[in-house]
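Please find the structures below.
Two complexes come next, and they have one chain in common, subunit A, joined by subunit B in the first and subunit C in the second.
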Partner chain A sequence: MRKPILLLLLILATPSLSLALTADEIIDKSNLAYYYAANDGKARAKMYIKDSRGRERYREMTILRKDIKDGGKQNFYIYFHEPADVSKMVFMVWKQAEGDDDRWLYLPAIDLVKRIATSDKRSSFAGGVFTYEDVSGRRTGDDTHTLLRDEKFAGKDAYVIKNVPKDAALVEFDHYISWIDKETFLPIKGEYYNDKGKLYRTIEVEKTAVIDGYPTSIKGVGKNLDTGLTTTIEFVDVKYNVGLKEKIFQERYLRKAPREVEK
Partner chain B sequence: MILDTIIKKTLDRPKTTLLIYAIISILFLTQFVKIKVDTDPENMLSKEDPARVAHREFKGEFALHDAIVVGVVDDANELGVFTPKTLHNISNISEEILKIEGIIAKDLVSPITTDDIRGGGGSLIIEPLLKKGAVSSEEALKMRDSALANPILKDMLISADGKAIAIAVPIKEKDQSYRISREIQAITDKYKGSEEYHITGLPVAEDTFGVEMFKQMAISAPLAGLIIFLLMYYFFRSFTLIIAPMIVAMVSIVWTMGLLIGSGYTLHIMSSMIPIFLMPIAVVDSIHILSEFYDEYQKTGDRRITFAKVMHNLMTPMFYTSVTSAVGFASLALTPIPPVKVFGLHVAFGIMSAWFLTITLIPAFVMLVPERLMKNFGSSGDGSTSNMIKIQEMVGHFATKRSKWVISLTLLVVAISSYGISLTIVNDNPVYWFEKQHRIRIADKVLNSHFGGTYMSYLVLDGDEKDAMKSPAMMHYIEDLQSHIDSIKMVGKTTSLVDVIKKVGFELRDRAEGSDKIPDSSDAIAQYLFLYEMSGDPDDLYHLVDPEYKKANIWVHLKKGDNMYMKEVINSVASYIKTNPLPEGINTKWAGLTYINVVWQEKMVAGMLKALIGSFVMVLFIMTFLFRSLLFGLISMVPLTVTIAFIYGVVGFSGKFYDMPVAVLSSLTLGLSVDFAIHLVQRARQILAEEKDWGRTIDKLFDEPVRAIVRNAVVIAVGFTPLFVAPLMPYKTVGLFMALIMAVSGAITLIVIPSIMTLLKGVMKT
Partner chain C sequence: MDQKRHKSILYLSVYLTLWFIVNSGNAHALTFHGFAEGAYGKRFEDDTTSHDDYNLMEGRIQLRGAYAPDIADDLEPELVFKGDLIYDRYQELTRGNLREGYLSLTPHDMIDLKIGRQVLTWGTGDLLFINDLFPKDYVSFFIGRDDEYLKLPSDALKASIFFNRVSADIVLLPEFEPNNSISGKRLSYYNPSFNSIVGEEGVMAVDEPERGSEIREKAARIYGTIGRTEAALYYFDGFYKNPLGVDSVTSNAYYPELTVLGFSLRGPLAGGIANLEAGYYDSTEDRHGDNNRVENSAIKAFAGFEKDLGSDLKAGIQYQYEHMLDYDEFIAAGGPANRDEDRHQWTLRLNKLAMNQNLTLGFFAFYAPYDKDYHLRPKVSYKFTDNLSATLGANIFQGEKDYTFFGQLTRNDNIYFRVRYNF
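What follows is the complex of A and B.
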């Protein structure tokens, strides 16, 4: 077993033993802290999208999440309130540990449920800067992680980690750098670079709060430096362990939204 | 008079004069390093022009970019480009293109980046048409069927016959297009199989244009210089003396181009013609001086005395011919087309510079010529003299003996020409600026025979209120409007938001019969669109609608970029809207380069008429002032009027389009051909005053004065012929017409003016 030996050597060589986490461990912890807090969660998200010409769009939705397995399978139920003409539209995702996720969309105006097949998780979520992966999490095993340094960022001690995709063909970035809060393990910032080494996209967590004992990001800003698109997302009414039942993440509940989606 | 003093000074101190000119020229030459080339057709309109402002605005709003187009064609293969091999090549090429610096990756149109909407099996897929990497033959055919079932992609990305695929590479900066197109070329060369690759598009055309422009300046202009030099040698038989007019021409070109570049103006298709225009015009005054000098020098044998006499005789006609030519060119400033204005004013400056240089530099130069080289000058006549005299005499007799005949014939020509003018087709198409065999013309032909049309214009429906475009009424209006536009000649395809909505609905309902339609509620439309935004690439959508859904953009593809076809579309849409009023609060605007071309063409036609009338009035005024007689003023306007009528009559009859180069010629003709009349009328009156007999006057007139005019006409006509070898069509057109105009107006002047004078000799006061 080579890994433990390496780890041991690393621990011996590091003066401060308590901080000697590997990059993989940091990313795993961060993934759990950010995407798998508690067993389930509920939040109302307000998304402001603004393009380089100042044109604005607004979306408001309730997001219900239930973890089937920590760090693994997870279900999302996203119910749109705004804009008014898409109110009651529902987007449901079964995030899989392997293979493609399952996605459904419900169109109330024509009372139709459709599976949305797309293998591209890097495409935009609801027209903003955030991608599907930003919303539901990128599998930690999809990248190789390297701890670059420790650094104080936005007043917080942070790990700076470089993430290089294992399959470059599946993603639009060459690599990205994450800043992870040493204390809460919430990501604070992400910088995405293209294959020419140029920074083209940033994601920053602007506000966090501890809710029901869980450190939670409540405001994030994404910027596409190439297109000038910015997206701000704010989470309000965040609740954890609300006791969401697994059955509401079923097709028939798309037509008849569970009461949890209302305020 | 101050001019006399200057001329005296230059004769006194020839070396100083030359030194001063050398210094000034060097100063102008230093400006040349700042040269900027402009081949952007949008610049035919000023930056603030409302049509251009709107065009720029819409380009930004709908993320429309100038794009290099790569057309992949395989006509020989039965499956066209839908073979695993070719598709794999296209995939690889697209992926490599995405890595090129300076392209707008998010808006690349290629089978691997542009979304297709597919249904089936209870699900909806919005993803790029072609997956990256290798595909099987089965997948290739599936992809073809899917693309052809998608009205948005068909005829745009994929040709209806399956033989061609297009890749459009939007670029950030147009000045990078040369490098980018070379990189694309290298990539396609690397993967090329049995399929052909045509690299074209506006940025490529512009670059090529810039290169050819320099070719014209580097080949045609010096060639014109050489030809003029040889012609003058034929006339005067002295290399030493004809160097002087060549210097005048070179110096006035250097000054004018120095001024142009130094003032920050760009080298444009128009301004690139300044040297070749100035070259012959600049030597014309020198030809008159040398002609006289040539005849007088042998009598006196003294340069100073000869010059005094020559300059005395020629000062007035030289000044007036220069001023009228300058007025003709300067009148182009009355057109609203910036490059045409710049061209006209600078040539006018060059003409006046050449005039001033001629009267100061030529004497100074001749004074410096060593005595021994002067010995032979003027002693032997030019070889053609005796033949020329015979012809001249014949013309003179014909004009006077058959004057009624000549006048009737002239009136007939004018009448027929007027009919010809009424047949004029106003049209232009920048692609016609390239020669037929040019690779850009070939690519244009190949791509437009396969696709819906590469000439884009955009009809924008502006609602100014959020979500205005989501209403079913609006959608139906667009749908009907679109099918109307589709029926117009040369329109190969239209695309709008309605196509997306219908396609999404069709696939959502698993292609059920009757589901290929606009939904009944605006919520359904909004939800289709939201689905697209959630599932596909919203940027694809925002070329057709703005993210706030205030404005919709109907893409109109034309198979030909002729202004007349675009104009037909504009008019047809306008009358459609008149009979089918737009929904409340909606208005329409056009954008796109094909439309911009129509706008500047219309401005140009109106502007040219203004310039022509303006210069006509100005020149008539100058002539009347010169001759102190309205009658003589009017007589001297006759030849140019007949010439212009004749030339445009020929244009009308021949079916040659009245395009930019043809339009520009009218004012130039006016300014240049009146020169012949000035010389002729001036000398005729002079001789008549001495001889008091019309018959003897004609004999004398048709000797040396007419010879000078013929030389003048020949130099200008022949001086423009090197434009024939220039690689771009507008240059060829200008070359052909200038040569024709000079020949015709020279001939008309020599025949018609004496005829009129013969008829009017009773009422004429000398």
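What follows is the complex of A and C.
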């Protein structure tokens, strides 16, 4: 009779044990919180790019996202409003669970739908500090994650995790360190180091808000310490569970923007 | 040409009127952009074209706008306008050029309509076209205007139908719009009746296509995705876009009838994008191929591969093959002996972005190994600000023989410079 009680006690005790998350679990949760919030999302992004000589560039776009599977396949539709020479241009990504993503570019001047090669996800998105991978998310399985410590960062309790790429040839960094908010699981800071151990790139979330019940990063700053380039991205008019249909992410809507894009 | 110009001006005024109506009312759904551009292109060789020292000197203002009125909301109406006003020093005239002026409607969840003047593009080639038989402006392309101007607009009705897995476009073109092909005025070329390269003295007499109310050309495309590969079937019924026929009575060149059936595939392969496209050109006025005054039927195909090499460097390569289907009959009937049965062509594209993607280094080459001719298109452009950019480029032509496609253009080498302010 005693053994079952012991077993019961053990079972009751387990949940408290599992509260200590592994690095992989933290990264998975963070990936879901940052890139897969709700079933779909919509935002207007304003991007300010400033070079070391203080010259500024401005990009404004509408981003539509739809998750096909949480943590896996998802689609992005990015419609450019500014600058003038790329207005109406659309960049579309079908993010795949494995292998290369599918990417298209729509050039309105000649009504051309171009499929673009995607092997380099580390190239700059629209000329700023953020890479294509920063925009659509890096696959959690592409790195080995180690929990270094817990610490307070910017007034928040955070996990500090070291991420080492499994295939170093595909990326420009040797490793990066992520600070992840324990409460919301949003990443709040990333530090990228090169193979000489030198910090050369940082990404920081400067402002978050809870929108439709989902903690959301609404202002982020990227800095390239080697080139002096900084990029600030602000998200306004963020909405979740808009009811985006999967068919929006097709050639039809490259040529004719869907209603969800407010010009 | 005159008729076209009058029509452009008519369109322009209609749209400008619309513009003011729209502007005076609620303008919340209105977008508006454009640019002002100056362009100059220098020529280097003695020639007999209209101006031998330059072939591009013009100022251009483009305005483009879109307006979604608040009426008939479930049809999602949108009016789209794009017009260029050009002062062309070369031709010593100021002209309007309506590039887009159409109404877009979605009458049903599965149907889109586009009615009016529009630029139409489909197919998988990079500056190669087999199933895209919409009009092109090769003069603009070779004298250093922006690549945008390679495509000429069409007056058309385009209906698109979307099913779950398959979509279709049907395009009806009430008027035949030919390519703006090389004529000897701005670019010298090989004229077979002179058997040499000629300029203004050998401008080809071309019979303008008939104009009427009937539908002159039809084009259709059915497309869908198989796995991650995009597949498409194409149909075209109209005319050759270049004057590839000689009228037996007037001896003028004209545009013979043409029907084309084709397909294309495009998808990821080996870390890049591969594409394959082919078409059967049915020269319907010369089904037996034994008329030396009309272009032979042909099979055309190209295959391409593009890869991102990292560090903002992209490379693309294409191979094109064209085969005349009744070559023996064509030659037996007195077709020119310098015409080859097959044509092979390679293209190479290199594109590099630098300085935070503000500097673009571009290179494109056409090379025909058996014709032993080539065309090089190096280009550098820089964005000084979000609004101001400049482009410096060149068009270089070389060939062993006068009568090959790029060989005929050898006197037209040019360097061009463009400055553009976007707003």
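Going forward, the second predicted complex is superposed on the first by the 243 of 263 C-alpha atoms of A that agree within 3 Å, B and C clash if a C-alpha of one lies under 4 Å from a C-alpha of the other, contacts with A are read in each partner's own complex, and residues count from 1 in each chain.
In this text, contacts are C-beta pairs under 8 Å (C-beta built on N, C-alpha and C of every residue); 3 or more make two chains touch, one makes a residue touch a chain.
This structure is a prediction, so every number in the text was calculated from the model and none was measured.
Novice: Evaluate whether subunit B and subunit C can sit on subunit A together after superposition, giving fit or clash.
Specialist: clash
Novice: Using the touch definition from the top, say if A:112 reaches subunit B (first), subunit C (second), both or neither.
Specialist: It touches subunit B and subunit C both.
Novice: Applying the touch criterion given at the start, work out whether A:69 contacts subunit B, subunit C, both or neither, answering first, second, both or neither.
Specialist: A:69: touches no partner chain.
Novice: Which of the two partners, first being subunit B and second being subunit C, lies in contact with A:123: first, second, both, or neither?
Specialist: So A:123 meets both subunit B and subunit C here.
Novice: Could you look at A:89 and tell me whether it touches subunit B, subunit C, both or neither (first, second, both, neither)?
Specialist: first
Novice: Now for A:51: first (subunit B), second (subunit C), both, or neither, which partner does it touch?
Specialist: Both partners.
Novice: Give one of first, second, both or neither to describe whether A:256 is in contact with subunit B, with subunit C, with both, or with none.
Specialist: Touch status of A:256: second partner only.
Novice: Going by the contact rule set out at the top, does A:196 touch subunit B (first), subunit C (second), both, or neither?
Specialist: First partner only, subunit B.
Novice: By the touch definition at the top of the document, which applies to A:149: first (subunit B), second (subunit C), both, or neither?
Specialist: A:149 sits against neither subunit B nor subunit C.
Novice: Looking at the overlay, does A:100 come into contact with subunit B only (first), subunit C only (second), both, or neither?
Specialist: second
Novice: Superposing the two structures on chain A, identify the stretch of subunit C from 166-174, 382-390 or 400-408 that clashes with subunit B.
Specialist: 382-390
Novice: Report, in rising order, the residues of subunit A that make contact with subunit B in one complex and with subunit C in the other.
Specialist: 49, 51, 55, 57, 83, 85, 109-110, 112, 115-120, 123-124, 126-127, 227
Novice: Which positions of subunit B touch subunit A when the two form their complex?
Specialist: Against subunit A, subunit B makes touches at 60-61, 99, 101, 105-106, 122-127, 132-133, 467, 470, 508, 519, 521-524, 526-528, 530-531, 533-539, 546-548.
Novice: Which positions of subunit A touch subunit B when the two form their complex?
Specialist: 49, 51, 53, 55-57, 80, 83, 85-86, 89, 91, 105, 107-110, 112, 114-120, 123-127, 169, 195-196, 226-227
Novice: What residues on subunit C touch subunit A, complex-wise?
Specialist: Going by the criterion above, the answer is residues 29, 31, 33-35, 66, 68, 76, 104, 106, 112, 118-121, 147-148, 150-151, 160, 162, 167, 223, 228, 230, 266-268, 271-273, 275, 306-312, 314, 356-358, 385-387, 389, 420, 422-423.
Novice: Residue numbers of subunit A touching subunit C in their complex, please.
Specialist: Those in contact with subunit C are residues 49, 51, 55, 57-58, 82-85, 87, 99-100, 102, 109-112, 115-120, 122-124, 126-128, 227, 229, 247, 250-252, 256, 259, 263.
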